[in-house]
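All remarks here apply to the structure that follows.
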């Protein structure tokens, strides 16, 4: 219980830190003004920083324009995305109608539950084989280690395209085994596809954990299992976090396979999203689509935003540089 | 001497725990086995089945599922390699891979450099924002970009082009009123011919694919490069400054070499994904116009699902897998990712 | 658990109704299911065509689905459909129009029951146009007057390279896509090319530059164009967007007759029924018979979407209160010809669309484009 | 080859909350070798970085060769720096590492560059390593390459930031000699930061002692050793450290006695000594400083102090006796003298070896009489 | 608390191509503090790791407390190791770091553990840091935590692998005293690897010198200093290093003369000396070893050698004179003796201070006479 409260408070603090930037920005602005006034910093120096920051912000605006655009579209019920009034509908006409529709009238919530089922299976299954696998590849010598590693590296990025390539074969396989239209199997399938890349990623991360920690623990009397639980796992946290995010995405975002294997009462969010574009007539209902897509992408985007430092650490191929 | 030193440096990572070798690695094997088996069982069968199909005369899905296909040998491959559409797809796929990769690398490096620069305040937040698109479902991103590339006059990009046009003509207009002896009109060359039919022209559609692909992959690159940049020792920059190197020289002599391997690594990974890009052409314009931009996987997909040529499509897919496998294998070898395997 | 393993029970119908249509459909379905032991479940797949393609051979498909009649030939060939002629209790000749009945049959077998027929027609915005044009040249005059892309004003809104929407003109001079008898491609015929040239001359100059459906719609729906060419399904949307869209028959063409494709809407009987148990077969047949003859359903279809009935009781009698629009569409249907159903036609649509697009973009002349397209199609047939 | 002149140099970090260097004045002659020492965090690295142009001073000026370079960018100053961790470019070969500076800051032709690099490499005895990458080198080799990279440019000023601290003792001795030889040969002004006592004492023409960002003393090493201006310098320079005792000054008629505050101890200063320092002994409490090697043993009970031996540290060449006096009191004696822990010894020292520091300011009240210390000029 | 006995220990790496430790025999008494020195790569770490059980010997046995533990897994040996880089678990607090070993190797209750950790922390003066994570600590604090982690378990044997090498000089001195005090107090057998001369000499009850994986000498520090068994030990122990001169042995009637091979130098050994070492001087060429502090100056031309001074290194407490003799020859003199570079000086030494090493085997031919060195037992 106390552990739980500790976690929640630390997560709370972490989010708070992410969100208190306006105050900190104001503080540093005040300090800067003071510095300039007291002559500790030249105006030119401050200006350089200002220009740099503004440039970066501008770049960001350009890059994230499509995001802004969907956001605006989702709020512009009644004035289509392709509106000839321009890209930006009149903000006064913004409304939440589309969100209401998505949440209460479309099959969003139903599909979201399906997606969650698939994703939990994907994450559970893949994590339970990726972590031991990565550990073994990083820390142990065994028959065929190099072979497996090579295979995994070769297959790191082949998963997605491969599934499309083997789509019909997969379908045949699943139908013959009576496993089509089965969220459980779909989840396991995603997990299987996520194994090579994520195992390899986590292994690279674990490689950078110095062996001396393990040795220290062994000398301290820890057994193999205790070493893993007390040393390796906690130290791999950023790597595991990244892998967690990636496997989550693997299950959450995939669409082609889901569309092939599932029937419409079992659709996951990505397929529902697609059927908004493809199904029911010729025209894309942009507003609904946008609102649906945003609600669909929001959780993952939020996780990314908040887990940024983990992601940066976890993807830091420190050992690879040079 | 230097080689033994090197061994020690490289060997550092190879240290294993004591008494590992005795146990014949059984424990290790047991730990990787579930993952490997799971992966193989879901990948091996479909590939084998695909290869089998590519030797048959299966046409529509019924013949595949009903097992009515019969083996016809290498005919599909013979047909494939004489099909101009195959070479068209093959070429455009590689081109797509190369162009998008080049842009990705340059763009991501630029962004990463800016978002780690000392002169930029709030860069952590900006970095957090910049990677957010990584979490968007591809289907979502691609549909949005399809909208961006709408050929209508009021498609977002066309509107930008319109704004650009009016800026140019406005500027020329100002010139015109300044020099009142000559009449200056906006040169045609500078003006975009609106509306631009992004997805109907061969190269403009290609450009649209490329831009979307870049947008899909840049966050991953940015993160990796940012991490790499943060690992570049400040000391090296200081040393180069003292050595008399300016910004550009420092970039090429200190920054670039330090991020080279991570960038190479990210490039290989994203290039492999680009090679298998399917959704962009599928959603945008089905590889059009006139199948000129039909990327390889889409080519296979269409042959199977829309044109009911499963066996032929299987031959395409097998070829694609073979190429991607070769590409990865070469990349792993040449790009020295194998070193990552051995040492790391 | 059911949901996870997804094993689905019962008799199923797939549909691809739009949102507006769906509620009427649901109402009908409820009424039909009321009191039945074996009920019919409805599902809306994301991409029905592709999913049928895999689901049917795998015995995972629906018992019935609705679609235009143009798949009959191919589905017959792929054995995706079920001949229900022995199971039907309804008197086909007495119930459906001849055209419609022909559309659901293939070599004597009955693969579905028709419930409506539809086509595209002219629509106009009364704010710009008082009287619909009688002839194409009148229409061109009006388009000419309003067409001003610089100011976001266009002459016409129409998915500009989709053969279905263009069929009226492509076939205006006696041309056609395909000769079902001789199984020959006809798009290189002068008559067909003349049709393409007509488009180049009188239609395409007045549409927005992006031929795609999504880009064309807003032009009319936002009141920026006097004309649209579209089907009954879009009517409701236009009116909701605030344009008082009116329907008119397609205008006459000098020296020819506009001949649009018409599509008969059908509830297909799928191969699923071959191994289905008694009750599923019964439900499916009863549903098709019920829906295609149910007055409320027919009126809903007509009113909401301007779908023209194919039930004889509703076509003959002008007094049937189906509304102006339906009558107008019916007039256009009269001019038209049913979509061809031959399996080979399937391979024509995509290449033809690309070919038309090349002409639309000015990359090739009509004759050139059709020639290369024909070549392309023949390659595929091999 | 240039003179370096630092005036009122100040560096603040974190908006003035950290003052790393405080009002530093220093003049370094052309060709001089100056070592800089001080405890960790005293501002040594910061000073060096300001000299290199890597850090902008908050105030004050730096002139090299008579020219004010305070606002000149690092890349335009003709200085070379050897970093503590070498900072060799890891992806360049030794040759490229050495040639890089020449390529950047001169417009030599490729042949000239090559010739110069090879010459320098021969001088440093690393010509066999030119094709190697840094991570193929041992610590000592890296060190020599880092030096070579600095030398090859023949800069105005050399800056060394603890260049030997990563090396083992043997290598350190060798490299020390090498650096000195080179600097002598080339005659380039050098500033050498270290926290190794021995290096600081033996290498520098002059030694600069910093503490808390402030200059404490500048002077010839032996002079500073013998005449620390204050208690800090006294305690910092020399290993083992100077011993300190709190004493009262007691004027008894003609003689002046120093009596221990906590220890039973009475030391009579001779008349001549008192006369010489007349006027200096104004307070009545001082900290007496005496170096371990100045401690003698005696049988006499006059002017002596008796203490127990707590530890005997034999270091081979000498024995260090840790005595139960004033916390930590060490006497360095020859290895033959081997009392047992627990034995009592009686010790004394020559009055000329003692230092008396004002307990408040820490200044050596006797200090300046022997020889005027070369203080920082301004 | 246990005796450690190493017999014929050998460790090969890379399938025998690298022999890290070669036939090592050593017995360490219960409660003894043994320091291990040797050049880099001589096998110090390897030996320690074999003692800890982290590395499996290729052959030979290790016994702790009389029990053969050669095949016992590291986690089941009751040893504690302090790693060079501390290896504190970065994700655990100081408290958890210290409690980890207790949790793993004992079945104490949580309270008992807490009590023991807190007690130890108090002893190490780190009770205020218990809630901190390692990366919040300074180097010295980390060091103390690492020690605390080892101590809290009260193991049979302590193993230290260069535990102080990352610390600065001042901190090192303090920590050294602390480790000694603790080991004394607890009386736990300790093996201490270092490459710091001073540490090795002052901390160990005995010192072990390794070279190339082979044991060179074991003995009390002062004894080893005075009686190196061979040239390697002579040169390795002591700083500055022992000076070496190549000499010929010349028997002229009753007397024996040592004459310089490259230097003009003739040293007559006294008769008593020759008698004492009768039989030892069999070869006619030796390497003469003399420590810098044993070099004296003389006016006499007999038994002396004249050399030019190349460098005078003042280190405050002494001056080191670098002489133009046999490559590198250093004399340590008192700071008052300050010849100028270029001056000639005449020097001599006492015959009891010289060592004669066989140039082939390197063994000190005079060595064993003074006191039998405590060699490795077997």
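A, B, C, D and E are the chain letters, set down in written order, and residue numbers restart from 1 in every chain.
Here, a residue touches a chain if its C-beta (ideal position, glycine included) is under 8 Å from a C-beta of that chain, and two chains touch if they have at least 3 such contacts.
What you see is a predicted model, and the numbers here were worked out from it, not measured in a lab.
Both chain A and chain D are touched by B, E. Of all chains, C has its CA centroid at the greatest distance from the CA centroid of chain D. Farthest from chain E, judged by the mean position of CA atoms in each chain, is C.
Just to note, of B-D and A-E, the chains joined by more C-beta pairs in contact are B-D.
Chain centres here are Cα means. That of chain A falls 55 Å from that of chain E.
If each chain is reduced to the centroid of its CA atoms, chain D and chain E end up 27 Å from each other. Chain A and chain B have Cα centroids lying 18 Å from one another. Taking the mean of the C-alpha atoms as each chain's centre, chain A and chain C sit 42 Å apart. Each of the following residues of chain A touches two or more other chains: 82-85, 168, 171-172, 175, 215, 218, 274, 284, 322. Residue numbers of chain B whose C-beta contacts span two or more other chains: 18, 61, 64-65, 147, 150, 152-155, 257-258. Within chain C, contacts with two or more other chains are made by residues 50, 54, 58, 152, 214-215, 218. Against chain D, the residues of chain E that register as touching in their complex are 39-40, 168-170, 195-198, 201-202, 221-222, 225-226, 237-240, 291-293, 311, 313-318, 320, 332, 335. Of all residues in chain A, those touching chain E in their complex are 210, 212-213, 215-223, 226, 230-231, 234-235, 237. Those residues of chain A that touch chain B in the complex are listed here as 18, 21, 25, 28, 48-49, 51-53, 55-57, 59-60, 63-64, 66-67, 69-70, 81-87, 125, 128-130, 132-133, 135-137, 139-146, 148-151, 153-158, 160-162, 164-173, 175, 188-189, 191-193, 195-196, 199, 203-204, 207-208, 211, 214-215, 218, 224, 245, 249, 252-253, 255-256, 270, 273-274, 277, 284, 286, 289, 293, 296-297, 300-301, 303-306, 308-309, 311-313, 315-322. Across the complex, chain B meets chain C through its residues 60-62, 64-66, 147, 150-155, 195, 197, 199-201, 286, 288-291, 305-308. Within the complex formed with chain A, the residues of chain B that make contact are 13, 15-18, 20-21, 24-29, 31-32, 34-36, 38-39, 41-43, 45-47, 49-50, 53, 61, 64-65, 111, 114-115, 117, 119-141, 143-145, 147-148, 150, 152-156, 159, 215, 218, 223-224, 226-228, 230-232, 257-259, 261-262, 265, 268-270, 272-273, 275-279, 283, 297, 300-301, 304, 310, 313-314, 317-318, 320-321, 324-325, 328-329, 332, 337-338, 340-344.
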